[in-house]
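Labels A, B, C, D and E are assigned to the chains in the order they are written; within every chain, residues are numbered from 1.
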Amino acid sequence: MSAKKKQAELIEEISGVNPLKCMKCGKCSASCPSYNEMDIKPHQFVSYVINEDVESLVNSASLWKCLSCFACVERCPRDVKPGKLIDAARQMVVRQKEQTYLSPDEIPELLDPELPQQLLVSAFRRYRR
Amino acid sequence: MQELINRAKELLNDGTVARVLGWKAGDLPYNPEPAFFESAESLKDFVYNGFCGANLSKYMIEASKLEGKTLVCLKPCDTYSFNQLIKEHRVDREKAYIIGVGCKGKLDIEKIRNQGVKGIESIEGAEIGDGADELKIQTIYGEKTVAYADAMLERCHVCKGKEHKIYDEEIFESKETKDGERFDEVSRIEKMSPAEKFAFFQKELSKCIRCNACRNVCPACSCRKCVFDSNKFDSSQKANVDSFEEKMFHIIRAFHVAGRCTDCGECSRVCPQGIPLHLFNRKFIKDIDELYGEYQAGDDTDSKAPLTNYTFEDAEPSIVGKRG
Amino acid sequence: MQRIGVFVCHCGSNIAATVDVAKVAEMALMEPGVVHAEDYQYMCSEAGQAKIADAIHEKKLSGIVVCSCSPRMHEATFRKAAERAGLNPYMVEIANIREHCSWIHKDMEEATKKAVILMRAAVAKVNLNTPLQPGESRVTKRALIIGGGIAGIQTALDIADAGYEVDIVEKTPSIGGRMSQLDKTFPTLDCSACILTPKMVEASAHEKINIYTYSEVENVSGFVGDFTVDIRKKARSVDMDKCTGCGVCQEKCPSKKAPSEFNRGLNNRSAIYTPFAQAIPNVPVIDREACIKFKTGKCGICSKVCQAGAIDYEQKDEIITEKYGAIVVATGFDTINLEKYDEYAYSQSKDVITSLELERVMNAAGPTHGHLERLSDGKAPKEMVFIQCVGSRCADDRGKPYCSKICCMYTAKHAMLIRDKYPDVNVTVFYIDVRTPGKNFDEFYRRAVEQYGVNYIKGQVGKVIPQPNGKLLVQGSDLLDNRQILKEADMVVLATAIEPNPDVRKIATMLTASIDTNNFLTEAHAKLRPVESPTAGIFLSGVCQGPKDIPETVAQAGAAAVKAIGLLAKDKLLTNPCTAHSDELLCNGCSTCENVCPYGAITYEDKEVNDHGIREVRRLAVVNSALCQGCGACTVACPSGAMDLQGFSNRQIIAEVDAICR
Amino acid sequence: MSIENKNFRPKIVAFCCNWCSYAGADLAGSSRLSYPADVKVIRVPCSCRVNPMFILRAFEKGADGVIMCGCHPGDCHYSTGNYYARRRMTLLFSMLDYIGVENGRTRVEWVSAAEGVKFSDTMNSFVEKIYSLGENVRLGDLRCRS
Amino acid sequence: MYKIAKENLSALFRLIADSQELYLPVKTAGQVNFAAWSEEADVALDALKTVKSPKDAFFPQSEGLYTVRREGKKMKVEPESLKEADFVVFGMKACDVKGLEVLDNVFLTDPVDTFYAARREHGTVVALACHEPEESCFCKVFGVDAADPAADVAAWMIGEDLYWKALTEKGEALTGKVKELFSDADEGEVEAEKEAIHAIVEKLPYMNLSLEGWNGDALSEKFDDKLWEELYKPCLACGTCTFVCPTCQCYDIKDYNTGNSVSRYRCWDSCMYSDFTMMAHGNNRTSQMQRFRQRFMHKLVYYPANNDGMYSCVGCGRCVEKCPASLNIVKVIKAFQKQGGEK
């Protein structure tokens, strides 16, 4: 199996998304508040994964422009949820860098009342799978 | 007991009933037999004591075909069977005058024998009126005492309650005998490994002599002709060469009465080899209770039986492997 | 002992390439009862069938096993062949050595071994087969149509024209259905009412057609050819015979606050009302929920103004029981509830409407008398946005997984009509795909783009945001230009998914007709029997079977009519002889079987039996073989084994089990 | 449980209802979706026609596994047949488990006429399971094994 | 006469079992029945009565007769071989030994039942005197001496010893094989035990049961008696009495289809069953009363008529203990006696 294919499969595994379900309606891009700042648009995330070009996705500006607002996740009629795909790509990057991500069980112990709520919610969103 | 005999005489004499179905004193202290009494005079042999374990509901199938009403003495657990038979149109309520007789637990002669009692001449303490805690037994080999509870049938230890589910009148006080949980034994087996389960039942069923006593005594096994007596299924009611037949017979029998079995315990009472046959029926009852909601056959005469009923959300058969 | 012939089919190379057919035939001769075995290229061919017939005659065969394709394919063929040769058709069994063997196994030895076992099982079964005679049941020459829309009307007209009595049961006060709510129809743009109304009139005037409006089917029993149906005629509170349809009562009615169903709740109607001007019958109904007389006991104005004296406050629901030979379901559709699509702001703004509501807006008889205006403030819109696929093609449970089929075309129609009548209005359509398979359909859509300048943008809308200035901000994306679009619109029209009429589930249960996960009625065969339900005598017309447009609906309505006529034309029906029957001597009369019979085919009788010399009256189960469909639920429920199923008897199935396990 | 007999080929009986599962099996065939030849299908009108006795009979006569397939709950051609079958089989399987017969030897699967793939997948996994369980020695009549 | 200490019995059993099969009372899942001896077997010599009688050592509840195998379109018949190995049945009681005599009259007279004959020929019976007879016993009524069983070997359990006395050639032969474990004993040592047993027997409630009026000539008188109509009523028509009985000898012949062959076997039948002696035309006993009557008429009238007055009951009392409805042969005999008394 090629490295590219492996990466694409990893994305599918982390996100739990089957990109083949996409019918290319574009509702994700229509819903995205960061659309204009993205080089690769939300509806394109899907085809990048299908085409096994995770590399470009990982190196894109979009990767860090996605707000994880999950509007696309909520509205996607096909259960494809591009927000989850880009989140998975981010996970990959994070994992590659330090390999020090937390397991969800560890979070409660690290809770600090000073921590901003936003951060917690964001963390839980990522780990809720 | 005289109270019951007097009442029976009254009802016979005033023409309310044409006969009395009860028990007749045996020729040994522990073997009264089910009997029909057609005259007030014959009632002198009537007996009702701790050894009157037989469930008379089944005899009412034939009695329902006779002219006139039959006075039938039913213990609390027997009334469930009677209700179930009404539901299945096998007995005629109008043909029965039911005297609900109280129950202080029924005795198992085998349990007495297993305590080393031999050569029995007389037994004291089994009378319904006594409510004794002990049985005094005179034997050829001397006097023995056995605690009443230690001589009781298994079913009485897990009694469903002393309430008559159907009756015209009630006679005699009952005494609570329940001191165990009905499904404990089933749960214990469920927890065994498949090999242990297999060994347990293999050992028990290897004793089976295919006498069909369990079937013939069972009020739910009231078929005019049992499938095991018919050549339609090519299944024998007699002994076969391979031990498979016993398993087949007991599983199918339990399945046929599933949802209809009131757990009256007669099968285990009559088995000459002491096979705990109720463990089959109770397994089904436990499963039905757990999977489809509590159901007690014979509680009433009109509810839908679990196997002729369903819900859209019923458990899938794969649950059997998942329950662990 | 039977004399069985075994016929092994090569099916060209379909079977013969993986199964040693000669060996199967050879092995067949070893089986008890088998006196003849042969193999042949195509058993289903005329020559193959002739071989079977010859063997029946020459070898005096009493039973036949054909080792071939699935019985679902050719069982009927071989049974007919046997029957022509004088053998009871139910003495034929099929061993499926194609679908269940040659097509799925590659190794010849293995496949042959399995084919032999399948053959043995079939032989073992035939050894126990008995000749069965189909029963006969009468056919009531009358059809019931459930639903009075265009599908129901067309089916009724076609059946009635063939000379059979037809009753239409319509739930609402008038026939006409969805089509009566439409303004124009695609792709010809003719006026919907102009083509529908004459059909409505024709139906009501037809001497063979009887219409029950404001009525519902309450109960169905019986079976193909002989259904008994209870119809509830809801109390109209108006005497149909006396009413002249003058309309004064509706004018004078003081209660005018009830939302008009016909206009999709966009305006109100009086408590006594006819849904629309061309309603048939033109007899109003009192909505007892809205009527002051019914609510307070005071008023009675309609009664006072009615010169015909037709108002009857005392009228009660009436149950009519009628017999039918065939039933056609034509219950149509509704649009889905949009509450799960809050992003489109349907509940937040009056100016976000469904396409069906737009039909009413565009219609001269509608709430705006045909003027295109915003429902919030009555202003003429300048920017209109159409959103396609709202709730259709949706993988989650918010919407429907299927394509609603009609939306692309009616949206093109709406866009075109608006651009035609109001050239200064800009029309934008957000689409995912534009689907136009159909005669003159794509041309129609292209005209909207090329001739009328409708702006089609590929990309679903993400959100509609009502603005403080009353405008609607539409956030979409243009996938082809790769840009996000924010557009201020005056009105947004949602091409809402359609779904089967919610009542269909209840009706399907009454008819024991199956429905799929989307509540569409299932057809007997997706390709070959598209207008029949798998339940005999039940036919499907219109959208109740699946999304379709008017021409398709009318075509299917005609097809359903033909199928119903085919049934009604028969005097007698042959019934499936594979039914349950009870052995009187074994029956306990316990009612267990009755409790599981889905057809109410089992009843109990007190009957005298002679049980080996014992004569007594017993309560016995009796199966009505005309009602019994042969599922076999009773056979397993029966504790004594008295109940058995012909054609699939206990002994036959056991023989198959034995043959497979040996 | 180890497989003693290396040449062990299980005998597997599959009861399929005429309307859904048998058609599903046909579809598996016409789609050329293979599954082991150890599976032999018996056609019954409905899953509710399958008497627990048939299943025990199969084991008696030497079957190593018995599977029953019917329409999905809610889709029964006879409306309710598979609901009854579901309860019957659940109780029967539970009883077999209770007396120590390996649970994997029996199975119920709902297969529609459109699910050729499911039919084939189901049979493949069921046969695999039976191979792993080996020969059925607990519920057969030994005379039929000779 | 020999004796052996009880504690050495397992050595005795091991030695016997070395050269032949050994059947003796074994407790399995709480019940004592005759079964093959093994090191693990829970031998229960103290049990007075096994649930089933030991008759199936000679007349098994079911046994194969022959197998018909299909070879192409031909049939091949493979008869079941007769018993060829010697075996020992240890611990039968006097009543059960007498029961064998009842069976012999049926199976060893012409035409001889070869299966039974082979087993009788190869079987050696070691009988045990009844140490503590019970209230259900009535063997004396049928002339059986519980204290002095008449088998190949008679044995007594007294105190800590088992006394052993060979009575036949077979018994001598068996004794020869195991003699090494025995020590000599005096016959006088068992006399006290015999007397004690006799004394107990005299006290048993059924021992004075009268068989007056029951004989081969009583056929029509008994057959037509109205009393049967009363007596049968509690009968559940199960086969318990027949299957625990040491003298019931009826069997049914059945076929079993294995798929590739048909094996014909015979199994005990019960006259209580509705298909007992079922024939092509149906059944000649259509009511339970008739079936009930059959059992007792056979034991007390028909059998004596054909066997010089010998009854086909040995008074073991198993039916007395096991009948689910508490019916039994004693109650039947008493009922007729009582009726006679009242007449």
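Keep in mind that, in the parts below, a residue touches a chain if its C-beta (ideal position, glycine included) is under 8 Å from a C-beta of that chain, and two chains touch if they have at least 3 such contacts.
The model shown is predicted, which means the values in this text are computed figures rather than measured ones.
Q: So which chains are sitting against chain A and chain D at once?
A: The common neighbours are C.
Q: Applying the touch definition from the top, give me the chains sitting in contact with each of chain C and chain E.
A: Looking at chain E and chain C together, the chains touching each of them are B, D.
Q: Trace the shortest sequence of touching chains from chain A to chain E and report its length in steps.
A: 2
Q: Identify the chain whose mean C-alpha position lies nearest to the mean of all protein C-alpha atoms shown.
A: Ranked by how close its C-alpha centre lies to the overall one, first comes D.
Q: Have a look at B-E versus B-D and report the one with more C-beta pairs in contact.
A: B-E
Q: Averaging over Cα atoms per chain, report the distance between chain A and chain B in Å.
A: 66
Q: In whole angstrom, what separates the CA-based centres of chain D and chain E?
A: Once rounded, the distance between the two centres reads 46 Å.
Q: Measuring from the mean C-alpha position of chain C to the mean C-alpha position of chain D, what distance in angstrom results?
A: 32
Q: Roughly how far is chain B from chain C, going centre to centre by Cα mean, in whole Å?
A: It comes to 53 Å between the two C-alpha centres.
Q: Specify, in ascending order, the residues of chain A that touch 2 or more different other chains.
A: none
Q: If you look at chain E, which of its residues touch at least two other chains?
A: 256-259, 263
Q: Where does chain B touch two or more other chains at once, residue-wise?
A: Within chain B, the residues that touch at least two other chains are 225, 227, 233-234, 240-241, 307-309.
Q: If we use the touch criterion from the header, which chain pairs count as touching?
A: Chains touch in the following pairs: A-C, B-C, B-D, B-E, C-D, C-E, D-E.
Q: Spell out the part of chain B that touches chain C in their complex, as residue ranges.
A: 65, 87-90, 222-227, 230, 232-234, 256-257, 260, 304-305, 307-309
Q: What residues on chain E touch chain C, complex-wise?
A: Going by the criterion above, the answer is residues 72-73, 257-260, 282-283, 286-287.
Q: Given the complex with chain D, which residues does chain E contribute to the contact?
A: Interface residues on the chain E side: 256, 258-259, 263.
Q: Sort out for me which residues of chain D touch chain E in the complex.
A: 61-62, 141, 143-144, 146
Q: For the complex, give me every residue of chain D touching chain B.
A: Chain D residues touching chain B: 52-53, 56, 60, 73-74, 80, 83-84, 86-104, 106-108, 138-143.
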